[in-house]
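Scrolling down, you'll hit the structures one after another.
Both complexes below contain chain A, partnered by chain B and then by chain C.
This part shows the complex of A and B:
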């Protein structure tokens, strides 16, 4: 029983990471109908920048975090303006391919800057596990990640429901044409949406740094799994991203313990196939009905 | 004679290689109700989209209150006081009635009190007040049209363009919507109505333009056009 509870604790922490990243995909797809496959590598850039400022430059953590978020957002906005936007004018299919190419480009560009070795990011509150009971424990960094995830989810929810800009983003997601007739500037909404997506990925990157080896390849698998979480939950649906992220974290933690940790990465894909077979629109996704 | 609020001169627009609007010109004076009638696909909607800046023009100019808005982006045009009720209503289906209205007031940057505007639109359409918390997509077609008109009014437009008010609605309902528009017009909003239902549109407007194959084929006082043989034959069912 204790092993099970331990797995659930680990799974929730892992799920929190997937949730933040799944939300960063979802906000882009939900609002602008854009699937940015480079999102995992944006996360990697956030992590490496956080590492550079916090460890290499010995800045205070909060300063390092803020700088990492700002620069990561600037990078994604530059990519959007210089590459995604012109390509989108041609076709959204081309953009889809371009984002895949961008993922590889970012990984290799980061390798030029940061080298191909991996670094270790110090834990913020020490790496000693906190004993809950004799056989149950949690490492402080996992608590940090769960708290960060909750804060981001609440902040995003309040932003979308309570602010004028959030409302405009919902309006754009439902009907971009009508939104433009209301005087919504689509380009401005695009910039805000990409900024939020980049900021979320960078925050996830900086806070998960201590859990992984910091390297240029850290975003590839994680980005793909978070995308799976978002699609499982119902792509474009924020609540779905949370459900998908948590399910994926739990399945991975439980599967690694009870089945085999060798198949850790396979569980995500098996889950995706099962869920899409049973519910093609995702767990919380709506079937798209086209009205005449 | 009252002053011109909108002047469209020689506007053309293309969908790919299809020339949807050809050299169309029209003028609207302050306080008027002007209708644009024509068959399905004649280019009426495209012309409206050209005016509000959501459709690129391949030629011609648009002037609004003496200012050239030919190349002005749509968000600025809305700020300048032109609002459009689009064809097919285009309600934000997952937003509540109240949130739809809030979106209509999107350009109102000052922390103005919207209460007076809610009172105004709920006064015109009491049904919407009862439905204020409901999702836009759950409303009936007529209620959605009321919401679409109200939403456009929330930006406090000086010029209101309405594309196919009557489409898909019962005649009784259309009549009461037209009555509401007359009310809105009396309060000072200039209205341009695009309609396939020429009967109703001519009855309620001061002047009319007939669009055929993307260009203005005929124009004049609505009462005169109602008596015109060609208009009677083609648009009023003989």
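This part shows the complex of A and C:
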């Protein structure tokens, strides 16, 4: 029983990471109908920048975090303006392929800059696990991640429901043309949406640095799995991203303990296939009518 | 059926002639022969990817998975069950077709994002199975794959190359037939406007699924040809990086253009041979190629060549017309 509870604790922490990343996919897809395949590599850039500022340049953590978020957002905005926006005018499928190319490019270009070694990121509150009972423990960094996830989720929901910009984003997601007739600046909303998506990925990157080794390949699998979590939950649906992220985290933690740890990376994809068969619109997704 | 332009016929004839003749001169050089055979395999992969994306509006990020299934299935059948090469080949192709059909079944109903994800998933799962199973030789792979025999004698590299070339031509012919047939027109209608197409009675899912399964089978065929040429397979040859490479081949030539698919495969496939010293930049360059081509040449690298040929053709017909006119004048005078 203790092993099971321990797995659930680890699964929730892992689920928190997936949730943040799934939300960063979802906000882009929900608002602009864009699936940025390179989001996992944006996360990687955030982590590397956080590592550079915090460890290499030994800045205070908060300063390193803010700098990493700002620069990561600037990178994604630059990519959006220079590459994504012109391609989107041609076709949304071309854009999806371009984001795949961008992911390959960023991952390998980063490796040329940072090398293929992996570095360890110091834990913020020490790496000694906190003992809950005799056989149950949790790493402080996992608590940090869960808290950060909760704060981000609450902040995002308040932003989307209570601020004018957030409401404008909802309007764009329902009907971009009608929204622009109502005086919503589409270009500005695009910029804000990309900024939020980049910031969430960078925050996830900096805070998960201590849990994973810092390397240029860290974003590839994580990004793919988070996208799967978002799709499973119902792509474009924020609540779905949370449900998908948490379920994926729990399944991976339980599956790697009880079934096989060698096949840990396969669970996400097997779940995706099952859900696509049974409920193609995702767990919380609504069936779209215009699709044929 | 659409009429093939004389110009296209000439180009095909020239390329085919070069493909047949050049290897005769390099038949003693194993390295060149391997490069040529590999280019043939890349054309199969790239052209089928081009068909998938350009004509049916679908995507696969797991072609290397089918490529791997084809390689392992045929090798295991030949080595463990002592079957002839051709049986292994047919088995692998049929197996990939069926897997593609089952996998594509839920995904083709949805958009390309889901198909991209589930194919990337398939690639990862296959990668994990290959590395963790005993029957695939685990991470160290399978060595000592028997060479393909022709009339009881092991094939020479040149013979193997010609066999590959025949398969390339078969694949290209199938692609061409799919494009210029009822299926091709249905696909075009689906790409143009899926709702209108389905209102016209086109069963969208059936066509998309059929193309997806055929392309998967072609990936398997490429895997068989790869395995029996190198005669040593291991998991590393079938990673998602390979899938991205295949994607690059299918895209940069020009989507929805079979000639573009061939050109893109040759360019992207030959690139590492020219950039041997820069091999660590390989994937960076592939990623950049996809992004830059889509950004600045959405019609692919074949488009400027086409424009150039158009101009050349005009110049030639113009010059011929002038000469005719001059001759006519002379006669009159």
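Here is the rule we go by: the second predicted complex is superposed on the first by the 289 of 292 C-alpha atoms of A that agree within 3 Å, B and C clash if a C-alpha of one lies under 4 Å from a C-alpha of the other, contacts with A are read in each partner's own complex, and residues count from 1 in each chain.
The rule is short, and it goes like this: contacts are C-beta pairs under 8 Å (C-beta built on N, C-alpha and C of every residue); 3 or more make two chains touch, one makes a residue touch a chain.
Note that the structure is predicted; figures quoted are calculated from it, not measured.
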- Message: With both complexes superposed on chain A, which partner does A:183 reach: first (chain B), second (chain C), both or neither?
- Response: first
- Message: Which partner chains sit in contact with A:154 here, chain B, chain C, both or neither? Use first/second/both/neither.
- Response: neither
- Message: Tell me the contact category for A:174 with respect to chain B and chain C: first, second, both or neither.
- Response: first
- Message: If you tally the residues of chain A touched by each partner, is the higher count for chain B or for chain C?
- Response: C
- Look at A:3 in the shared chain and tell me whether it touches chain B only, chain C only, both, or neither; answer first, second, both or neither. neither
- Item | chain A-facing residues of chain C, complex | 53, 57, 59, 61, 103, 105-107, 109-114, 116-118, 120-122, 124-125, 128, 132, 194-195, 197-198, 204, 240-241, 244, 247-248, 251, 255, 280-281, 283-284, 286-291, 294-295, 298
- Per the touch rule, the chain A residues reaching chain B in their complex are 164, 167-168, 170-171, 174-175, 177-185
- Task: Could you pull out which chain A residues touch chain C in their complex?
- Result: 35, 37, 82-83, 86-87, 90-91, 93-98, 100-109, 112, 220-221, 224, 227-228, 231, 235, 262-263, 265-266, 268-270, 272-273, 276-277, 280, 290-292
- Would you mind writing out the residues of chain B in touch with chain A in their complex? 52, 54, 73-75, 78-79, 83-84, 86, 90-95, 99, 102-104, 106-107, 151-152, 155
